[in-house]
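Notes for the one structure printed next.
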Amino acid sequence: MWGFSLIDPGLGPLDQPQTRVAKSIWDFHGKMASSRHIKDVSFCGRPQCGVIGTAPSHELLQRWSEREGALNENHENHGVVCAQMPVENGVFVGQKLPENLLNKIKTEGARTKPAREHGGNIDAGSLTGGSRIYLPVYVPGANLSVGDLHFSQGDGEPTCAIEMAGIATLKCSVFPGGMEKLGLSCPIVVPSPAEPLYRQQLAFHGISVDKKGNQKRSDLTTSYIQAATHAMDYLQRFGYSHEQAYTLLATAPVETKVLAVPNIPTANVSVGIPTQIFNFNINPTPDGPSPKDRGSLAYLSEAREKAFQEARKGCSETPFDRP
Amino acid sequence: MWGFSLIDPGLGPLDQPQTRVAKSIWDFHGKMASSRHIKDVSFCGRPQCGVIGTAPSHELLQRWSEREGALNENHENHGVVCAQMPVENGVFVGQKLPENLLNKIKTEGARTKPAREHGGNIDAGSLTGGSRIYLPVYVPGANLSVGDLHFSQGDGEPTCAIEMAGIATLKCSVFPGGMEKLGLSCPIVVPSPAEPLYRQQLAFHGISVDKKGNQKRSDLTTSYIQAATHAMDYLQRFGYSHEQAYTLLATAPVETKVLAVPNIPTANVSVGIPTQIFNFNINPTPDGPSPKDRGSLAYLSEAREKAFQEARKGCSETPFDRP
Amino acid sequence: MWGFSLIDPGLGPLDQPQTRVAKSIWDFHGKMASSRHIKDVSFCGRPQCGVIGTAPSHELLQRWSEREGALNENHENHGVVCAQMPVENGVFVGQKLPENLLNKIKTEGARTKPAREHGGNIDAGSLTGGSRIYLPVYVPGANLSVGDLHFSQGDGEPTCAIEMAGIATLKCSVFPGGMEKLGLSCPIVVPSPAEPLYRQQLAFHGISVDKKGNQKRSDLTTSYIQAATHAMDYLQRFGYSHEQAYTLLATAPVETKVLAVPNIPTANVSVGIPTQIFNFNINPTPDGPSPKDRGSLAYLSEAREKAFQEARKGCSETPFDRP
Amino acid sequence: MWGFSLIDPGLGPLDQPQTRVAKSIWDFHGKMASSRHIKDVSFCGRPQCGVIGTAPSHELLQRWSEREGALNENHENHGVVCAQMPVENGVFVGQKLPENLLNKIKTEGARTKPAREHGGNIDAGSLTGGSRIYLPVYVPGANLSVGDLHFSQGDGEPTCAIEMAGIATLKCSVFPGGMEKLGLSCPIVVPSPAEPLYRQQLAFHGISVDKKGNQKRSDLTTSYIQAATHAMDYLQRFGYSHEQAYTLLATAPVETKVLAVPNIPTANVSVGIPTQIFNFNINPTPDGPSPKDRGSLAYLSEAREKAFQEARKGCSETPFDRP
């Protein structure tokens, strides 16, 4: 059994100018995962469905289109697409459908990304075997669907989790009138008693100051980026490449917490790296870390990398640069 | 032994138009806390210093003033103060100082809020007895200082934690050259093995859509507010007032996680309420919650509340309304 | 997916004169188990191999026969068989073997019970996916074998765990000279980070006093029986039958600890029942528990039960009555 | 703040012929403890009252004397005292009492050891701040008493825990008729959410075979001794002395579990040593452990040690040698 993770520069919150397209293959040994592309690390997975959700009503679907379209318009002058709107190409609906229905889907159907009220692409690490999710129901029959199976992911999942093939088995029941009774405006999750617990951590803090040194306004996204960049930098001091460290934050059982929101203008975040997953000591020592060969991710050929970077050149901003 | 928590409307991320000034007194029974103002709840504290940090260098202090001043300027037209700048009144320096030094502090000294590179007002729940923090050092002697003792706080701490009097005992050591060796751009924390662990939770999810229904751009702050509002609403269904629920999120051992950042344009957050702290069942049931008398926080007199609300009227926006 | 548990009176440490033959069927829903025969309980499994071990050398095998034979001789006058010796009937060796080899196995081969230096029937609840075991090697090739798959078991496992069909996947490696280097006189286990953790418990204490009120000499077995009987009695107050309570101790994620050995003449033990597995409140309350219909295990017909009890009549003592 | 631990040969279950009188001093740094006498170890304490209990009724007191006296009689021919009976010398009752009452106490009062139905010297590691204990009440007013403060102890506590001076604060309430309603034959404990959790362990297994190689009859005490001896031996391979290893098992947050009782004639036990408390890697490696200077406990002078050993010479058996 195996899975993979991927870095696709230009799309991730931790991208840096030098970030390259890179891939890692992960081998599963029962519940444990390790990668031939990242040495000296292995951890226990928490397999989950990255996507789980019910179908929206027509009215909700329309609200999505409106609010996401409005966001794109606001950011038009920044040259960044923030929300992926319905598209005519690349729609996978999996069945031979009547043409008028197919067209309706192409022009009105919501894209999988992002998470919305109905669940969707929530990528919640704790949604592993033994957990429970309460989902709103908007249409008769609910139309529950799942997908995007991950073997493991870190909280925050700054790039691709460990993607895998698999089968998900779910047990469903219905609470009539539940949305109203529970006030279910978004999913509620009960974590599993069997979610792996790595209690010993190094928690890297971040504040609402961006890479250029600008103070943002109580902005947890900026704080997350700062904390995660802090953690990546630390891991690189042991010999991991930028892309390896980036991948570890997205795949290992990293715990990312919102610490305190109201101390304006910083709302700080911590990114907790479990120390036990490394087969060497990553705790701070007076001598500091010493780098070692930690292997290498799989990269594109020089030519293909060049072409990729060329194509990106127009984008001066990513969706995560804060206005 | 006792402590208190407070809601000061106009300053907190979960404020609603009807939010009132309200106070709760918490009684400590060894490691456990309960409040005469919030029935049917008790939990284990994780006493910590909300403020811990070293002194900044002059250069760093200047950088703080510049970036925080710039933020205020950017938001001037919104009528909101985002960063508290040095002030002449209300400076507590605790010693008889020469006048020119005192003036320097008044005009150049940074305010305690927010957390910055040096630590400061980090309000990290996991910084309890048995934990360890690695702090940068900017001046000879480091000038470590601590304060703002909390008996307990939730992750995100949307309003005041349980404030208390107390004595903090710390053991310090120095890693010469540590900032450079460790790349210490912000604190790193090693949580305590004795941090209370409430594993059974209800985790309320939130997406980057604000109260008015507008999609924000991968904005964890908006997602936090949505998730926490979701949780508050749920607690109110059991009979807690808005202000009681607000207080519980800031004081109880709530676990707040960043789930997944890159699924643009939502970066979702979960607010996990430990179910074990209630002496009744708060899990979702087919019948839904039934409200009960859960006591009341201490409020201002009608006259004083009216005066307070009158004074707020000018503020159409809080620091947490996203532009 | 399903499994079963069984009570076989006369063999278990918690047997009472009225204990009847009884069976429960357990249904598995992903990682969770519940039984149609025990109402209001469900828990997360920790699937494991009850039997895992390497093959003994001829010398070790002989030592086993000697010491277990000697034990039986010492207890002959008590009319109790303590150790099961090699037998001619009922040997399952799974292959067509030459007659002389088959005879050798029948007369010299050790029975699966009990756990011995090589591992064997250790029934260690923490040996679930993601765990690791270090086993001694006595013969070339080690001859590792596994079996006796359990979906879940409690520490102490006073009667049958939840037995199931299944496939175990193991990854093996060899430490040359490891037995000597590590001093491996028995297995060493590294528990899995994904072992289910039920932290909230009711821990029932027991002392080294037997059912008849006799003080035993720092005897953890007596203390275990007392603590477990204490727990069974408590569960029965909520309406569970003696056999249901007995089964729960053997199947649910019960945590059984040795508290303190040297306070002669009692070495006390606690049996911790996780409170979260019940869908009602089992914590002590001033009003005390009130019984409710909790369903029933499957029993033998009256006639067969009578025959079974008749056959047991000769046995005035079980292997767990202390001399 | 500081505490101490002690080895008193002849009284402990892990004693070996070479075991010497030895002491360790432990320094407390907030919640953490380390010892100048045992290098490279530090751990988080779980302070508790080793002794907590209510007063027995006269009837219960008499039952204790009878059953403990009977035990001593049974073992008379082994030359071992198993139970400490009421004594005239060395009674500490702390108050100027009328002579006839004092005499009554001397001749009838139970000794602190062992744990009994009323609680007493239970040495339960999980009885730390935030925990709760339900105790039976036998006399009007209950006469609750506590003492024997420990900073930390391991499960099984084979020798002295870390003894300390201190103040215990308890909150008490009464359940009228609780003993009958709850069936309270011994204490019930609810562990604290703040009990330190060291999840990563090396769990050493032991079987019911004693040091001489004799098979005992499903004897958890023998299994505990074997497992703990296994663990001690392993620690010694890293350079710890026999007495240091012995002390660590009694003082560090060791987790000792009863695995499975009914696989006659062995009832196995595991002794789990937390790996995180060492500042070096104690996990098994292919090269095996290499010894290092780990300091030394404080021993008696040669002359005093000789005198002590001389005095012990008569005792061919300890209370833990199984008949």
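Quick notes on this structure:
Just so it is clear, A, B, C and D label the chains in written order, and each chain counts residues from 1 on its own.
To be clear about the criterion, a residue touches a chain if its C-beta (ideal position, glycine included) is under 8 Å from a C-beta of that chain, and two chains touch if they have at least 3 such contacts.
By chain, UniProt protein names: A, B, C, D = Acetamidase/Formamidase.
Just so it is clear, the model here is predicted, and its values are computed rather than measured.
Counting C-beta pairs in contact across B-D and across A-B shows that the higher total falls to A-B. Among the other chains, the CA centroid farthest from that of chain D is the one of A. Centre-to-centre, using mean CA coordinates, chain B is 49 Å away from chain C. For this pair, chain B with chain D, the centres built from the Cα atoms lie 43 Å apart. The mean-CA centres of chain A and chain B are about 25 angstrom from one another, to the nearest whole unit. Looking at chain B, one finds that residues 193, 197, 199-200, 276 touch two or more other chains. Taken chain by chain, the contacts link every pair, so each chain touches all the others. Every residue of chain A that touches chain B in the complex is listed here, in rising order: 11-13, 63, 67-68, 70-71, 75, 82-84, 113-117, 121-126, 134, 153, 155-159, 175-178, 180-183, 185-191, 193, 197, 199-209, 213-221, 223-224, 226-227, 230, 233-234, 237, 255-270, 272, 283-289, 319-320, 323. Note for the complex: chain A touches chain C at residues 29-32, 43-44, 46, 129-130, 169-171, 192-198, 253, 276.
Chain B meets chain C in the complex at residues 197, 199-200, 276, 281.
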